[in-house]
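A single structure is presented below for examination.
Letters A, B, C, D and E name the chains as they come in the text, with residue numbers starting at 1 for each one.
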Amino acid sequence: MTEELKDNNIEQVEDKFLAPENRKHTVTGPEGEIIHVDPLQDYYCNERPKAEDPRNKIVEKFLNWARAESLWVLGFGTGCGSIEIPPLLSPRFDAYRFGVAMRATPRQSSVIIISGYLAVKTLKRVIRSYEQMQNPKFVIALGSCTINGGMYWDSYNTINRLDYYLPVDVYVAGCMPRPEAILAAFDKLKTRIKEGRAEGANEYVEKFDWYKANQKKVIKNWNMPDYNW
Amino acid sequence: MDIVKKIGFVLLGLFIVLNWGLLMAGIMRKIIARVSMRRGIKIFQPYINLIKNYSIRSQLTHGIMFYLGPVFRLSGGVGIFLFMPMIYGSDIWNNFSFTGDLILIAYFMFFGMLGMALGAGEGGHPYSAIGISRGLAQFTAIELPLTLAILSIAIQYQSLSITEIVAAQQGSILNWTLFTNPLATGAAMISFLGAMGHSPFNVVMAPQENPVGPPTEYHGTFLGVLQTNRAILHVVEAVLYMNLFFGGANNWIELIVKTFFIYFWSVFVGMVFPRFRVDQSIPWLLKLPVLIGVAAIIVFIV
Amino acid sequence: MVSPISSIAVLLGSAFLVGLFKKTSYSFAQMLSLLAIAFPLFVSAQWLIHFIGTSDGAVMLYTAGAKPPFSVSLQIGMAEAFLTLAVNLLGLLSIIYLMKPFKELGVKALALLLILVMGLNVIILSRDIFNIFVFLEIASIALVGLILLGKRKHTYSAGFKYLIAVAIISSFLLVGIAFVYYFGSTLNIDDFVAQNLIVTKGLSTALFLLFIAVLLELKPFPANGWALDLYEAAHPGVGALISGGTATASLYVLYKILPMGADYWSDVLIWVGLISFLGSNILGISQKNANRLLGYSSIGQIGLLVAVIGFSDQLGSHFEAIFFSLFISHFLAKVGLFWLSGWVGKTELTAWSILRTKPWLLLVFGIFLFTLIGFPPFPSFFGKWQLIVDLASEHGFNWIVIILAGSLFEGIYLFRWLGYAIKGEKSTENKPLLDWQTALPIGLFALLIIGAGYVSNQWMPNGQSINLIPVFFILALFVLDFLPAWIKNTISIAGLVVYGYLLYPELSDDTLRLVFAVIFLGGGILTLIAGYSVKGKRAGFFPFALMMFAGLIGLVEADNLLQFFFAWELMTLGSYVLIIRGKRSMLHAYNYMLFSLGGAYLIFMGMAMATAGQSGISLEILRTTAFPGWTYALMAIGFLTKTAALGFHIWLPGAHAEAESDVSPMVSGILLKGGVFGLIVLFLAMGGEQAQANPLVYVLGWLGAITALIGNLIAVFQEDAKKLLAYSSIGNLGYVLFALAFMSNIGWMTAITYSLNHFLFKTLLFLAIGGVVLRVKTHNMHEMGGLIKQMPLSFIAVLIGIITLAGIPPLSGYAGKWLFYNAVIAQGWYFQGAIVFFAGTIAFLYCFKLIYAVFLGQPKDKFRQVKEAPVWYIIPQIILIIGIMVFSARPDLILKPVGELLSGSAYFPTDPLNWESVTASTNLGYWSGYKIMLVIGVMFMVLLGWLLLMSRKAQKIKQFDIVYAGETPFTPGTTHFSHNMFAPLYRAIGFLTLPMITQSWNRVNSTVHDFADSARKIYSGNGQSYLVQILAYVVIVYLILF
Amino acid sequence: MINFNSLNIETVSMGIGVILFVLGVWGIVSQKNIIKIIISFTIVDTSIHLILVSIGYIRGKSAPIIDAAINKENAANEVVDPLPQALVLTAIVIGLGITALMLSYALRMYKENKSLDINKFKALKW
Amino acid sequence: MIRNSFLILLLAGLGWILFQEFDSFKGSDQLNPVAEYYATQGPQEVGAANLVTSVVVTYRGLDTLGEVTILFLTAAIVGLLFKRESNSETEDIYGTSEILLTAGKILVPMLILVGVYIFINGHLTPGGGFQGGAVLASAFVLAALTFSGTTVKHRVLEIVESFSGISFVLLGILGVVLAGGFLDNKIFSLGTFGHLFSAGAIPIIYSLVGLKVGSELSNIVLVMKSSEKGGDHD
């Protein structure tokens, strides 16, 4: 964690938002020694994320093809659009044939679909999940709500524009977009990946401070490390 | 030079097995998709997935065992391959089988499991541990019918050497253990269902309940290693069953055909039956399959 | 030589004189009494030395210038000299011990004691029944006076009950004497015997009254409530006089008059004695009052001695030695205990934890108790041994059963008591002062016990065959106990090394024994190395540790049954003390001791049956035993208690788990092999492959299999790391038992491989886990977690250990599994084999749990600063790992010679393991540890390199950087999944682990206690009921006899 | 059964002794009062003396004191057995001692418990 | 009821045992060898006209020593039991009746005389140390009851007791030194049969026994009596 980030955040994360389990405390060791625990420092890796530059261009092209043809989607439904995801896998739409598969763990997923309006509360989880995905990772945003807030544009607890918080690869307009649209989004994403333009992960790292500032602006009870490894 | 040649052939065999394993996985997925009236994945999707996983740019590690876990796992798979005679009558495809010791293979399966368990444990994720505890618990029950079957055929052939067991089945299709000792085969094939991790015995990896079980924290290269192992292990286990019960293989074609059908058996059952919970599957496995296995032994004692 | 009569005169004269002194000159009176009592002591010592030196016959002493039968005559021989010596010594030390109470009561009391001692002397010496009667009365009356010492509660009523009982008994005695005189025309014992009278109705009834009265003086169960009340009410110093003094004299009276009676009187004595021994010990079980308990115990012991007198014909030339050793044990130990009880001051058994404030008193207490039970190297061990062997040669098995059962019941209460003393809750009250008056007699008696042990040992036939060098070494360690621990540790290790070096030539031919010698001695050295980590003195640890190892190695060395049993008991004693050193081990050590004791008695019984009808006691005679079924079954069950087979296992988990960190490997990895070795000795005796037909072997096979299954299954559900390992030991020993029961060459190879492996990995695991426990101060695995970072070496040790345990190739555990399969198929025990295999897969579960819950998963905050286990724990672990590696790669180094021995011997010539350099083969297949290791090793390294290459840039992350459904984990404690880890398995087959065996043992236990508790209500406290009991006893014995 | 014609002095005293013994024992085991128990004991004691004396009696002989009436040389045929009489002497003294002690203890017990009922002294039991 | 019938059964059993003896008891017509020896050899060996005395004091002298010891013990124990009370010598609150006083004055000296006579002549006439001692004691007890002011001092009694006891033992030892064994009476010449100064040490021993018995018995009674007085206070 960089020093300025720390300074920035000290003001914003006030004590009342810091969850009890994340407050500094002491425990007694087996020999009676006092051990100081600072949960956010001790339990989490506080390294700053690193940009992973693409390798050799030709190899990268091949690898990008493989990445594009094997899109593992994190099974995380954020809003009303999540109802549109299961039909994708049904015989009618059969997303499998495009190399799309659902994974339960962000560690193994490369795509996260933000399916509709995103409450601040959910945003926090989305951020953690997104950050826990490994480097070539892509974001598909479904519905108007992720673009401009949609019908919740003046809601007190949803975000209006996902771009401020995560680097989005593909937006799918509509309220809600139908599964066909999502398939089209996958297609679009594949194209972007194959072209080597889907470097959202690196972008996120490069503009990390900006993203963090935005995120923390809306999420008061941060209670997480700055970057969720 | 002999040893170099041997290693060369072993690596070649490993390559064949890996490819066949990946292909077979793809084919099976395809079949599953067709059964559920989908087009399904591309046949080569497993290759793509493997490449993609190896191509993940960033890596995380929880500690030394997190590293060693996949190594153990892959060693388990490759080791079984190394100790398994693949093609009957062929010196070069017998690997380091020492005339193929059955017990060695049976116990070497634990090696990989242990590695996986340790690696996942080091990950620190509770779901990994839950998955492992389920997997191990179920594994104990899965192994019992297999043991009875192995004992039964060991009595039958008076040997613990896979090579000799295969040799004894040559000649006619009726010499296969499948026909000479159907009870043992029955018990073993039920246990095979469990070993393959398909439904009804796949609660270990219950996708949503405890994300994906043991490999929850694994990703990228680690996952690639695990997938590699999976591909190898499935083929090698099928080869084991083939050797024990289905007359072995005289050439690669025969091996491919037989392993395909053996593996298909588990996929078939998996498609038809729903999932057991662990506390259901253990008693079930300890009832019918064990009874069959006991019967298989009694037949030979009496 | 001074005539013993002069000692009587001196005692009596000084008693009369002492009575004259005034309070002011008390100390002078005291000095006079001491001198007065020292004189007879000197006289009897002089006579004893004379008799020992010259082997002269007894000397008759006449009074009144006339020959018997006309006058009263006395006789002094070896026995009389010895017994008077004992009594006089007791008297002298009693004066010292009771110095303060005597002073309170005044000079008259001193006179009472002098007269008591005088009376006892005369009782022992006299050959005239009426004279004996008179002096018995004197002794009784003097005691009635002495109970006033110490001013305790209820002495008056107790004294009255005693008086009235004694009065009734002496009435019978007197009537008996009167009629004996009428029919026999003499009062002299020798004269009566010489007359060889025809036994008529009247004479036999007269003799009945005489005998029954003398017997009643010895307080036979159940007509002894009056004596118990007296024991309880009297000052412990007086209790010592009753138990040690009057009982001694009365016993000798019984012995003297025995030739007067018809032959059946021997049988009566036997039954009366044995019923007393058994009954009193059973009723003592529930007793909570120390003095009264000592009374129960006294009555029991005296009963045994009475029985031994009854056995005098059967025992023949061994009688003296047996009686001596049993008598001296009772005399010294019981008196010592009474004196200790006086120091403790409180009557509740639980109050004896006060002994802990004076460690040497605790040691002395232990010596007394172990002497009473009959543990080596104390005299009663040899006495009981020879007694039972001799009884067995007469086929007196019923008697043996009663004696052993009585001893077991005695053990129940004595060891509970010892447990309270060692581990009971410390009382908060001030500790009593230990003055020299108390310390001197107690210490002297403890020393005398050791001396008496040596005498018994040398006196007993075959006793000299026992190798006493280890015992002396241990004694020396006791003496050196004041040194710091590391010096003693070095001495101990040096002792083991030297002993091993000396032993090696003897065993180098016998590889089978050598393997076990290596386990015992090598294991001893390794585990002692871990002991270096303990700072301070570690008082009392090393002698007992060495005692255990001496016992174990003694098993290996043993050539005859006595040596074997000696070693066995020595091992039990040492290990008991080691186990009870643990923090919460009181109950577990108690259980361990009871099972060990029961097991040892079964072994003893079996050995005794083997000796019946055979000459010599060499181990060879087990082979030719006349009762093969019983011998083998009993001994097998005995050994099974030590290997903790199912049904006898309930002591093990607690004992192993609660023991100290470096004791657990001793008692698990090493001690259990003692039982295995016992089984090997037994099975060797059963005669090789032909024993396969023996149903016992079949039963053992099944038992082994089920033990393996249940042991492992219970281990899976443990939360306590050491308990897990302990249950695992039960399971592993089940394998060994199963493999041994094959009774085939390959089966035994399996068993030996298993044993060696179990030694290697279980010692390793216990050391590693012990090191962890030492650091984290908890046994609960779910409280640990993530310790791999702090304790990488321990982690590696555990990893190697569990790989070996689970039998995963390439480590040596797999060798056992491979051999096992070959053996199973060769033997045809498929179902048992399948069960054992199932057990093996279950073992895998707890292996994972052990390593995962402790070392992996979520690190806990409070263990962040723990360090790696002490280096002294790590060193033996490294040695053991090297051992495992060597054994894995080159199993032929050990298995080949063992195999040659087995196939070369007459036992298992068929189907041996064939060795071709490093490759073993059977007709089922072959296996090469070396090649497997090579292949797997190379492959593993290649793959590791591959993965390292692929993921070299990996970012190291921390414990909460895990995917958690977008959330953050709460605390490490709730994120570490390890409590109740195998819940689904428990739901599925957990019913197999229900503690049914424990419950049934508990039920047995509570039944026995309830029985004892209700049965002892016959001692209602009402003096009159005691009289009714005496009367009933007389009438019933009479009706049974006539 | 007993032939009354052959009744002679030693048989009678022996019979009385035996009966007294049983009676005394009956008293000891049935009486609740300690003093009565002690008295019963003295009855037993006395009965033993009777038995002893009867044993020593020789039909028609006189006391074992050599005086004018008894010839020193022929004493063996003139006197009764002196030994039982000596024993009786000793027994009496012993009985006396024990009785005295019993009474003293009874006194102490009475002072302790203010009762002479033997059932009241059951503090020590089991 | 059950207890009673059980007791009756037990007593019947006891009676049965004793009846066996009674049934076997046929009386005697003749002395047995031991008694015959006493009767024939006793007078020569011991020199006592009273055969019982010769048995009591010489042949079975050890028993007699035991008896004496028992009395000593009894006295000592009674003394210990009533130790506290005997320290406080309180006055007799009742006084003595006239009859007792008068009779006592006459009887006490006579009783002492009779007692001494009995034990001195123990080897000649019926009676002996015990009997004489008992009479002596009755004299002391009577005196103590009668003349409440003139209690016999415990201390004196004790000294007499111990002195006579020690002397007895010493005489016994002299037997070992001078004659055939412990308590042999032949340490002095046997004298003329039937005379007062005959039978060796017997008269001396019997006198000592008489003194001892007398003092001990009186001691017992006196101690118990004194306890009566102070008894109620504790």
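The rule is short, and it goes like this: a residue touches a chain if its C-beta (ideal position, glycine included) is under 8 Å from a C-beta of that chain, and two chains touch if they have at least 3 such contacts.
Values in this document were obtained by computation on a predicted structure and should not be read as measured data.
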item	value
Smallest count of steps, each to a touching chain, taking subunit B to subunit E	2
Chain at the geometric heart of the assembly (C-alpha centres)	C
Chain located farthest away, centre of subunit E as origin (C-alpha)	A
Which of C-E and C-D has more C-beta contact pairs	C-E
Far-end chain from subunit D, centres as C-alpha averages	A
Whole-Å separation of chain centres (CA-atom averages), subunit A against subunit D	112
Rounded Å distance, subunit A centre to subunit C centre (Cα mean)	69
CA centroid of subunit B to CA centroid of subunit C, Å	53
Rounded Å distance, subunit D centre to subunit E centre (Cα mean)	16
Subunit C, residues touching no fewer than two other chains	130, 134, 137, 141, 144, 175, 179, 182, 187, 955-957, 959, 961, 963, 965, 1028, 1031
Subunit B: positions in contact with at least two other chains	58-60, 211, 216-217, 220
Contacts with two or more other chains, residues of subunit A listed in rising order	50, 105, 107, 229
Contacting chain pairs - touch in the sense defined above	A-B, A-C, B-C, C-D, C-E, D-E
Subunit B residues touching subunit A - in the complex, by the definition given at the top	33, 36-42, 45, 48-49, 51-52, 55-60, 207-208, 211-212, 215-220, 223
Contact footprint of subunit C on subunit D as seen in their complex	21, 25, 28-29, 32, 34, 37, 41, 44-45, 48, 51-52, 55, 83-84, 87, 90-91, 94, 97-98, 101-102, 105-106, 108-109, 112, 118-119, 121-126
Touch list for subunit E against partner subunit C, complex	6-7, 10-11, 13-14, 16-18, 20-21, 23-25, 28, 32-35, 37-38, 41, 45, 58-63, 65-67, 69-70, 72-74, 76-77, 79-81, 83, 158-159, 161-162, 165-166, 169-170, 172-173, 175-176, 179-186
In the complex, subunit B residues that touch subunit C	54, 58-65, 67-68, 70-72, 74-75, 78-79, 82-83, 96, 98-99, 101-104, 107-108, 110-111, 113-114, 117-118, 121-127, 129-130, 132-134, 136-137, 139-141, 143-144, 147-148, 151-152, 154-155, 158-161, 164, 211, 216-217, 220-222, 224-225, 277-280, 282-283, 286, 293-294, 297, 301
Footprint of subunit B on subunit A - complex, ascending	50, 52, 62-63, 66-67, 69-70, 72, 75, 91, 94, 96-97, 99, 102-105, 107-108, 110, 134-136, 201, 229
